[in-house]
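Okay, so subunit A shows up in both of these, paired with subunit B first and subunit C after.
Our next item is the complex of A and B:
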């Protein structure tokens, strides 16, 4: 379904309902035989986006010769309109009668078991880099524009000419890492875009093949030729006489007469600083996440890593799975990669999707939430914080329920519910209180009480172990699936039991394995800090840390810091805390008992009415 | 607590917890006094059997668990060994093999969180190991049997994006016999690759 967009996704693994909008082409694709007669008579000429604006197309056009579907399309923004006085020429010219100015968008509703996201990438726009003067100097072009100039099917039929005078340039410079590996982080991105080194190596060989006399110079930081056959290709380029200079130019100047370009660069291998003259400069631009990736992210409850690409469920063991079960990612939507890696990953995603399709059913780990209708007031707070939209609320009947297949068991709803109506399967409140009791019954003053999320902080503590990074023996860990499972009461209870220091730890803020559940963690900890302060308890005794699964060192460092802090907490302080909070705790228990009694009364009243 | 869980508690089943302390060769026993931990575990409430193993995850270790479940009629199992992120599936399968609900198995992490990180503090590590076992036993006493739900899967796939990755995924799924809906935003499939001239490292045509 080309020229279509996903508008809504509902449901859960194995049972997704998807709404797709097929946009009107104004040309019936099943009838069009791409004879091109419509385009011949079309009077409107606009820049051709497929050729990066280097040539033009008509308002009715075929995106490119090999397009699939092989059907023309009318660009209604440019079209003069249907009124015969205005135009209507294409309709007259079309013998197959496929032009339909009144065509409407169509909505399709699909039912699917799995979803594969392969939404690709966008190309970095180097206009913001003032030093390279892209769009200010005619002969500074991007590597994507280079592709359309060197391609036989391109704007110049494969003649590589420079834009200012359409002469074939003799001296061509390539500048690497444009928009990539910028550690200053002000413009462009920090990450390596993966493909640009080899793309430039390829481009230099294409140029040497087309124009054996041309001189190519590549300004680079490192040449990353790590893949199969890559080093050979790089060596071939060097053997062909392509010059590689380690160092990026600080600026580009233009001769206003000749439009030639002057680059000043330091060769960091020799320390030589000099100016070079070129006829054309190609900016080897990086890869960025698709500019509309937030849309798909929201539709499918995906996460993104710090660089903006979609996040995998596990960097090594589940590289094409996502935090949403039944949804897979591949290609450049996951990270910048070349064609071969995209194809490899695409097949991997297909295979992962097939494991579910082929099984015909999925089992859901029994750690999901359940709502007790007797205690639920239908306030809907749980539904609001659920990252997976797994809670449904009936405001009229004042109740809510969990769709188990959509629930991932993070426990955010359980920690949010004011009524004690949510039970987290396999991670119940009672289980946590039993653990807190067990760990703090004796010698509480010697212990640093720690809540660690399953995916990151607990795994980070494991990583410290695997790496044998030593830290004091005072921490006592309790595992929660997500840091958002940690209720304010759990923390207060640990203090009631005499914990000198309590740590809540989770995945890095943007990398939560439950999409954005740990935003609630932050809110709760802030509320707790306020509360502790009001009760005259030093808020620093409650700490919040983000520790990823790879950060064993950080885990150990945090633990050393907390041990120091523990030693500074006085016995009087702990006693005071216990006393103040014990009163609060009694009040809380009384409230709960009252609520329970009322719920039971309501229940028995209902039963009486029924009978 | 859900109704089924309430029902389970209401039956008033007597708790019979088995604790399996793992030496992990010298990985744990080299730092933690596992004999002392074993002795300590015997004093914990509801614990009716404690077994110390050299390698609990190996077949002989797993057989000890199975044997103890039969002999002592255990209805909760605590394995005090390594991280559940690695061996929870192993021991869940082990107890399930003996007819115990896999959700009635709990682990205490004496290796990654204890022996490996407190190598210079044997006393502290042993005290911590005891606490971790105590905590796991306390949690085990609260565990409830749980059933995983099965959900049917619609035999069709949606692929979002018709670049080279989306096309490859679609072809693979279609060849395997599944209905595939490939949704592409642009008027033609092909994506970025269609706009390239040649591809490295073989310099063949992109389209």
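Our next item is the complex of A and C:
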């Protein structure tokens, strides 16, 4: 469906319901044969977005030559108006009677089994980089504008001309990494945009092919030519006479008369600082996540990396899966990449999608949450914290339930429920208490009790082990699927059992395998610190650390620090903690017993009424 | 809304000031020892009353 937007996505893997708005074209696409007679008579001229504003289009236009369907569209914001019709020339000119000013947007509701997100990327706008004077000097253009100028179907039919005087430039500079790899300032992005180096190499070869006498100079930080055949292409560009200077210009100034540009740059290989004169400058701009990516993220419960690109479920083992089951990502929506990599990833995403569609059923790990209706009060706290929207609440019936196909088993709901109504498959509360008992029954004072999330911290500990990194023998690890599974009671119980120090560890924010579940971990730890302090227990004895699977060194460093901390905790302090928290624990157990008794009584009363 | 908030590192004891809002999505670490056990200090009642 072209010229459409997804407005809502409901449901779950195998049963997605997608609401799509098909925008009105005001031209019947089934009848339009792209004869262009409507555009010829249209009096409205506006900048052509596809040509980066370097040429114009009419209010009725074909978005770009290869558009599918090959049908014209009326840009209603630019059109002179249809109510009442102020112009109507396109309608008069159209012999096939395709123009329909009354056309309305249509809403389609589709039922699909899987969703593939291939929303692409946007291009970095270099306006904010004052040193390159993009909006000040006409002859400073972006690589996208260059592309439209050098393209046979572009604004100048393939003739590369300077915007200021339409002369063919003889000396052209390319500046790399514009908006990319900027670690210093607050402008641009930290990441490498991946495609710009090879795009510039290709552009220089195109220029040398079109204009053999032109001089091309590339200012770069590093040339990253790591793909198949890329190094050969780069060497070919050098052999063709393209100059490569390692160093980025610090400023650009313009001769007001000739409009020529002067770049001051240091060649960091020779240490030479000099000024270079050029007829035109091409800014090799990086790529950024689509500006509407937050909307898609919300629609599909996706997570993003710190850069804003969608995050895969696992970088090596599930590179096109997302944390939401049945939703796959590919292309530049996941990270900047070239056409070849995008096609490869798209094929992988399609294949992953087909595995579900062909199977006809979905296998769910038996670690999902289940809610006991007898204990549930329908408060909805679990639904609020679920990153996958897997919990549905019936406020009237005061109950909630989990859609198993949507639940990924992070356990956030289990840790949030005040009523003890949530049971996590294979990670039940009782199992955790049993592990705490087992690990702290003997010599508790010698141990650093650690909750480690399955994906990162536990794997970080493994990494430390297989890398033979030395760390103290005191840590005792309990694995949780997510750090958000760690309830306040688990931590308090570990202290009740005599743990001198407790660590809660999980994935870094950008790596959370359950979208943003570990943000709840932070809130829970903050509450625990307050509580411990209120009870006269040093909050320092509860530590929080984010350790990734690759951070074996960090795991070891953290453990060495905690061992030092453990040695400073006195036996009296531990005894005091046990005494204070044991009283609290007794009260909690009494409350729970009362609640269970009440639930059982309610249940038996309901059964009597039914019978 | 973010407010200048005093943080205390529960690992090394270092105290520093940083912008903080209860719902912000920032992974925090102590600028001195890089521990993630950094605790925001709650505004004292007197400060809240003063702002009102």
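Basically, the second predicted complex is superposed on the first by the 606 of 611 C-alpha atoms of A that agree within 3 Å, B and C clash if a C-alpha of one lies under 4 Å from a C-alpha of the other, contacts with A are read in each partner's own complex, and residues count from 1 in each chain.
Note that a contact is a pair of C-beta atoms (placed from the backbone, for glycine too) under 8 Å apart; a residue touches a chain by one contact, two chains touch by 3 or more.
Treat the numbers as computed from the prediction; the structure is a model and nothing was measured.
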Looking at A:342 after the superposition, I want to know if it touches subunit B, subunit C, both of them or none. Which is it: first, second, both, neither?
first
What is the contact status of A:435 with respect to subunit B (first) and subunit C (second): first, second, both, or neither?
first
Just to be sure I read the superposition right, which of the two partners does A:396 touch: subunit B = first, subunit C = second, or both, or neither?
neither
Mind working out whether A:186 is in touch with subunit B, subunit C, both or neither, as first, second, both or neither?
neither
Once the shared chain is lined up, is A:118 touching subunit B (first), subunit C (second), both, or neither of them?
first
First (subunit B), second (subunit C), both or neither touched by A:572
neither
First (subunit B), second (subunit C), both or neither touched by A:471
first
In this superposition, the partner of subunit A with more touched residues, subunit B or subunit C, is B
Have a look at where A:199 lands relative to subunit B and subunit C in the superposition and call it first, second, both or neither.
first
Shared subunit A footprint, subunit B vs subunit C, residue numbers none
Taking the complex as given, what residues does subunit A use to touch subunit C?
508-510, 516, 519, 523, 526, 529-530, 539-540, 542-546, 558, 561, 565
Give the list of subunit C residues in touch with subunit A in this complex.
10-11, 22, 25-27, 35-37, 39-40, 42
So in the complex, which bits of subunit B are touching subunit A?
1-2, 5, 83-85, 103, 109, 111-114, 116-121, 124-125, 127-128, 131-132, 134-135, 137-139, 141-144, 146-169, 172-173, 176, 178, 181-203, 206-207
Where on subunit A is subunit B touching in the complex?
1-6, 12-16, 18, 20, 25, 50, 52, 63-64, 66-69, 73, 110-121, 123, 144, 147-148, 150-154, 198-199, 201-202, 205-206, 227-230, 232-233, 296, 330-333, 338-339, 342-343, 345-347, 349-351, 353-354, 356-367, 370, 372, 404-405, 423, 425-426, 428, 430-431, 434-435, 437-439, 447, 454, 458-459, 461-462, 464-466, 468-474, 476-479, 556
